[in-house]
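Some structures to go through are shown next.
You will see two complexes here that share subunit A, one where it goes with subunit B and one where it goes with subunit C.
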Partner chain A sequence: MTMGKFLIRRLLQGIFVIWGVITIMFGLRAVSPGDPATLMLGEGATQELIEHVREQEGLNEPIYVQYFDYLQGMVVGDFGYSWISNREVEAMVIERIPATVELAVAATVVAIVIAIPLGVISATRRNESADYGATLFSLLGISTPNFWLGLMLILILGVWAGIFPTGRRPVGFAEAVMTLVQHGSLYDLGIWLQYITLPALTLGTYFTALITRLTRSGMVDELGKPYVTASRAKGLPSVLVRYKHVLRNTMIPIITVLGLQMGTLLGGAVITETVFNWPGLGLRLIDALNARDWPLMQGIVVFIAIAFVSINIIVDSLYTYLNPQVREE
Partner chain B sequence: MTEDILRVHDLSTRYFTQDGQVNAVSNLDLRIERGEVFGIVGESGSGKSVTARSIMDLIEPPGEITGGEIKYRNGEFAETVADEHPNAVNGEFVNLLELPPNVRQSLRGTSFSMIFQDPESSFNPTLTVGEQLAEAVEVQRRASARPRSTRARTQSEEYSLGNFLLSTVLPSQKYITEESRERAIELLELVGIPDPVERADEYPHEYSGGMLQRAMIAQALAGEPDVLVADEPTTALDVTIQAQVLDLLDELQEETGMTILLITHNLGVIARMCDRVGVMYAGEIVERGSLEDVFDEQVHPYTQGLLGSVPDLEGATRRLQPIPGNVPSLLDHEMDDRCYFADRCPKAMEDCLEHPPEFEVPGSDDHEVRCVLAEMEYAESRAVPDDHFSETSRTAADKHADPDRTEDDVQPQRAEQPVDDSGGDRL
Partner chain C sequence: MISDRVKSNLKQTFSESLLPKLGLLLLVSIVFMAIFAPVLATHDPTRTGHYSDQGTAYPPLGQDLTTQIAQDGDIVEVTVEPTSEHILGTNNVGQDVYSRFLYGARVSLIVGLLGTSMALAIGVPFGLVAGYYGGRVDDAMMRIADIMLAFPALVLALALIGVFGQTPIQVPDPIVLAGLADGMPESIPIPGMVTLVVALVTWVWFARVARGEALSIRNEEYVKAAKSFGTSDRTILLKHVLPNSLTPIIVLATIQVAVIILLEASLAYLGFSGTTLSWGYEIERGQDYLRTRPWISMLPGIGIVLAVISVNLLGDWFRDALDPNIEGEGR
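Let's look at the complex of A and B:
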């Protein structure tokens, strides 16, 4: 199958998945209790006003008409207005994307930078103390809940030691870069880095642990394969055997996991964002949920679905690039 | 020219497993002459491959070479290492086991190279064949460019992790050069792969098994080695392809004059290729000599058994004579100090209960056998009773359960169980 056909098929599958998410969200809203018009207007609105809003928003139409209106809006990128703040949902989602992406990327960087060397050391010094240390670390990392780890980091490194600031960050990455470009000052970037460190560690710990395990077991598997012996037999320097051959092949499944993890991180950093008051999508989702702000909730969930599906397609393409055997099929 | 290129003396390679120490190769002696094809033949598990890997320094934990010498004759190399490793050098010979791993690595690809049984798993599936061949060429190219001092040879020029990381951004730091790529294509052509330019850019899974084995031979030849170790080079191939690959090896050997150590369980391959043969059993060579010595004048009952297990067209009506039983486990604590084949040997005698030395067989100057039959005739009167070995191995097994139990205790039990289906233990 050619690359083009492959992409088209994956895209169609992706669209189907997103449609499913949209429909389920609509269904949940339809069956959930509470009158939207009352929610929008708040306590004390007159019956007349409520009726007016119901008419205006199409809430008196039959359910299928509402569904198709809603779907139509989604297709052209109209997600509606927030019931609480009466702002456009797209804008409310888009303004929160940078913080979430920054955190997801930072957590992934933490995971890659720590996990892959650790996994390699662990695999090449099997059953030595370094290996036991790495195994213990990953066991702890996998079994530590995020909210606890986040609180502990804030308490120990933030409050007691005072190394890292706590509270809402004053500056985003884009602004920090602007400062650098306009004033040549690294100051804001430093602040940004200080604020993102603890959330990134918190969010990255689980994945660091996971990828350490994956790297270790994958590499142990690969090291036992005959082509490794054959590469050694032809006199190839051990660095090349280990990294160019073995690690590269180990990376194929790890890339998949990393990609899927990026998808999860984009939407799933709810707990970490809440603990650190991080101005990302997860925090906004929680806010929307608490206020029963359905359009905002739908907008965020659909965005997460789109992000997840796109990342999956990218990962698959990358996988195809790395593994020539898949490329053929 | 009949000088020795390789002398293996008293080589022992052991594996330290959870079940105990496995004596994969025990006190093995081997002498290979320059330019010959030396064959090692034996059943699976007899230690053939371990011998090959010991010579290549490819033994990995839990395996370990525990003793002996592997002496390689190369005057130039001897001079190079003489200053830093005087203990290793003796005239033109260098004892490889006295050298540190990095120096031994520098010999791989350039002095020794190896082809493997299964070409499909012996290539990295995610790199093109051309790239993998080019790596082997590059090993040789860099080795010949190195200065002669061993320290410089093995340390300053070593491709480091830093180089590798840089190579991901700087093409100039890449291990492989354009020249070595071109040489790789020439090598593919040399081993008879059509359209080598296109084929070089293909991945191993796009090759057929035979093609891939040719490519592996090309890869092994990249370093113009003195000794080519071929570990079951044709086992994974179809019969017609086998013949082609053997022809190719033959041709290349004639052209380059390299020495081949051929490991196989296939007597047909041995007969077709080899000048001299060693028959391996339970980690030692039990019979060695010229092809004629071993095939026509063999003394060891094991050699006879091996030859008897081969189907032959002329005597198609004759039933094959398999050797009963299996190769012993080679676990140190289960090996008695006897002839290791005695439990399967149709001619086992009381004399076989002591481990036999190597005897010279009269009538040929290079024919040796580790069997008392070289010195005496088989005598029925001295034969070991049929149940001797099943007896001892049984007690050994029972001793695990109850160390205090003597053989007398075991005896009545055996009477109740006359049928012994343990196969391997029986004669």
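Let's look at the complex of A and C:
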């Protein structure tokens, strides 16, 4: 299959998946208890007003008409209005994207920076104390609920040691960069870094543990292959063999797993943002859920699904591009 | 079903490493703790307030309780530090932290085991059918699986709870009914809806693994032979395909118990627990008192970590012994 055909097929699959997500969310809203008009207006609203809103919002239309209206809106990027704040859902989603992306990227950076060296050390010194340490760490990492880890980090590094601030962050990355550009001051960037450290560690720990395990098992497999022995026999330095050849071959499956686990990262972000009062999409989703604000909930979930599907298409394409064997099939 | 080779692999891995033994020991302890929670507990875990003359006095913290106490005119301590009566202190509404810790194990284990069983019951038949028939059937069914995978599990679970609600089922406590523990609650709340929801968001991983197995098994000689005798698809699926797919499914199921325990804890932390006896709920409750009374959140977190570690250790053991090529989903 050529690359172009492959991409088109993946894109079509992606569109189908997103349609499915939109449909499921619409279905859930349709069967969820509670009258939307009453939710929108609050308890004490008059019957007349409720009826007016029902008419205006198309809630008196048959369900399939409502569905097609909704689907049509989604296609052109109109996600409707929040029932609680009456603002456009797109705007409410978009303004929260940067904080979540910053957190997800920071967590991934933490994970890669810690996990790959740890996995390599673990694999090359098998059954030594460094390996046991790394194994124990990764076991703890995949077994600790991240909200509890976040609270303990706040308690130990924030409250007791006083190293990191624990409140809501005063400045976002974009604003911090603006300060740097306009005033040549790194001050805001420093503040931003201080505030993102604990959330990034919290969200990144599970991934760190996962990548450490994958790197270790992948490297152990690769190190046993004949080409490693052959390269060493040729006199290549073992460091070169280890990092240039073995690690590179190990990375391909790791990238795929990371792509698949992006959903987990975004789900983890919901919890992490709640713990740290981090102004991202996850926190907004929880707010929307507690208020039963369905249009906002749907908007956020559909957005997350689009992000997840896009990341996976990119990862798959990279994988196909990097690995000629897959490309040929 | 489970071949002798598999059994001997399991035995060998178990005797060679310390970790499976540790996992088994931990899990047995937690199961024991969960079953005999009413016997081991020192206080009714749901009883609020504390009328003791021991311990350090704190200003009452639970708001509803404070009002009630003020009307009664009694002077009461609501939160206490660890003392001889409350060996691990009390939470913000005066409930015994140690007793709640024991009862929390019940919620985690029940949701973990029941949720995984339900996910198995949905995912395995789905995957086997898709893989066995292949072609268009497989395509259509796997596209459904793709849609499920596009939702982060936690997010879909939250949306489903929004629809189903989270009312728990009250089940009589056999230990209390047997007269082993006086003064403990006679029924325990089982978060039935939450259990169903965690199964509905995790079954797809079983479907994927079962499908992969069925895809390869359907081309085996014995399946072809059975087909040529005119054996029905149903019989082939139940008698040949299912038994031969069991090994990786068991490995995945073990990992999924850990995943589901974490998922339940996360839901409970966010306030969608179905029962206030959940460890995750208790962590959330202690969050506001982290600076002054950190023990409220600490202990239930340790409970979750130990429970999940024990299951993960067993999962690693099974995987090392049986099948190295499975990765479950995380949080």
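Things to note:
One rule holds for everything that comes next: the second predicted complex is superposed on the first by the 323 of 329 C-alpha atoms of A that agree within 3 Å, B and C clash if a C-alpha of one lies under 4 Å from a C-alpha of the other, contacts with A are read in each partner's own complex, and residues count from 1 in each chain.
Heads up, the rule we're going with is that a residue touches a chain if its C-beta (ideal position, glycine included) is under 8 Å from a C-beta of that chain, and two chains touch if they have at least 3 such contacts.
Because the structure is predicted, anything quoted here is derived from the model rather than measured.
Superimposing the complexes on subunit A yields a three-chain arrangement in which subunit B and subunit C fit side by side. When the two complexes are overlaid on their common chain A, residue A:Met152 makes contact with subunit C while staying clear of subunit B. In the superposition on chain A, A:Arg232 contacts subunit B only, with no contact to subunit C. Considering which of subunit B and subunit C touches more of subunit A, the answer is C. Legend: residue contacts after superposition of the two complexes on their common chain; A:Thr264 is shown touching subunit C, with no touch to subunit B. By the document's definition of touching, neither partner reaches A:Gly167: not subunit B, not subunit C. When the shared chain is aligned, subunit C comes close enough to touch A:Val21, but subunit B does not.
Within the superposed three-chain model, A:Gly58 lies out of touch with both subunit B and subunit C [touch as defined at top].
In the superposition on chain A, A:Met297 makes contact with subunit C only, not with subunit B. The superposed arrangement places subunit B and subunit C with a least CA-CA distance of 11 Å.
Touched by subunit B in one complex and by subunit C in the other is not one residue of subunit A. On subunit A, the positions that touch subunit B within their shared complex are 225-227, 229-240, 243-245, 248-249, 252, 322-325, 328.
Remark: subunit C residues 143-144, 146-147, 149-156, 158-160, 162-163, 165, 258, 262, 265-266, 269-271, 280, 283-284, 287, 290-291, 294, 297-298, 300-301, 304-305, 308-309, 312-313, 324, 327, 329-331 touch subunit A in the complex.
Here subunit B touches subunit A in the complex through residues 53, 56, 58, 105-110, 113-114, 116, 118, 121-127, 132, 135-136, 139-140, 143, 158-161, 163-164, 175, 203, 205-206, 216, 219-220, 222-223, going by the rule given at the top. Every residue of subunit A that touches subunit C in the complex is listed here, in rising order: 13, 16-18, 20-21, 24-25, 28, 31-33, 139-140, 142-148, 151-152, 154-155, 159, 206, 210, 214, 217, 257, 260-261, 263-264, 266-268, 270-271, 274-275, 285-286, 289-290, 292, 297, 301, 304-305, 308-309.
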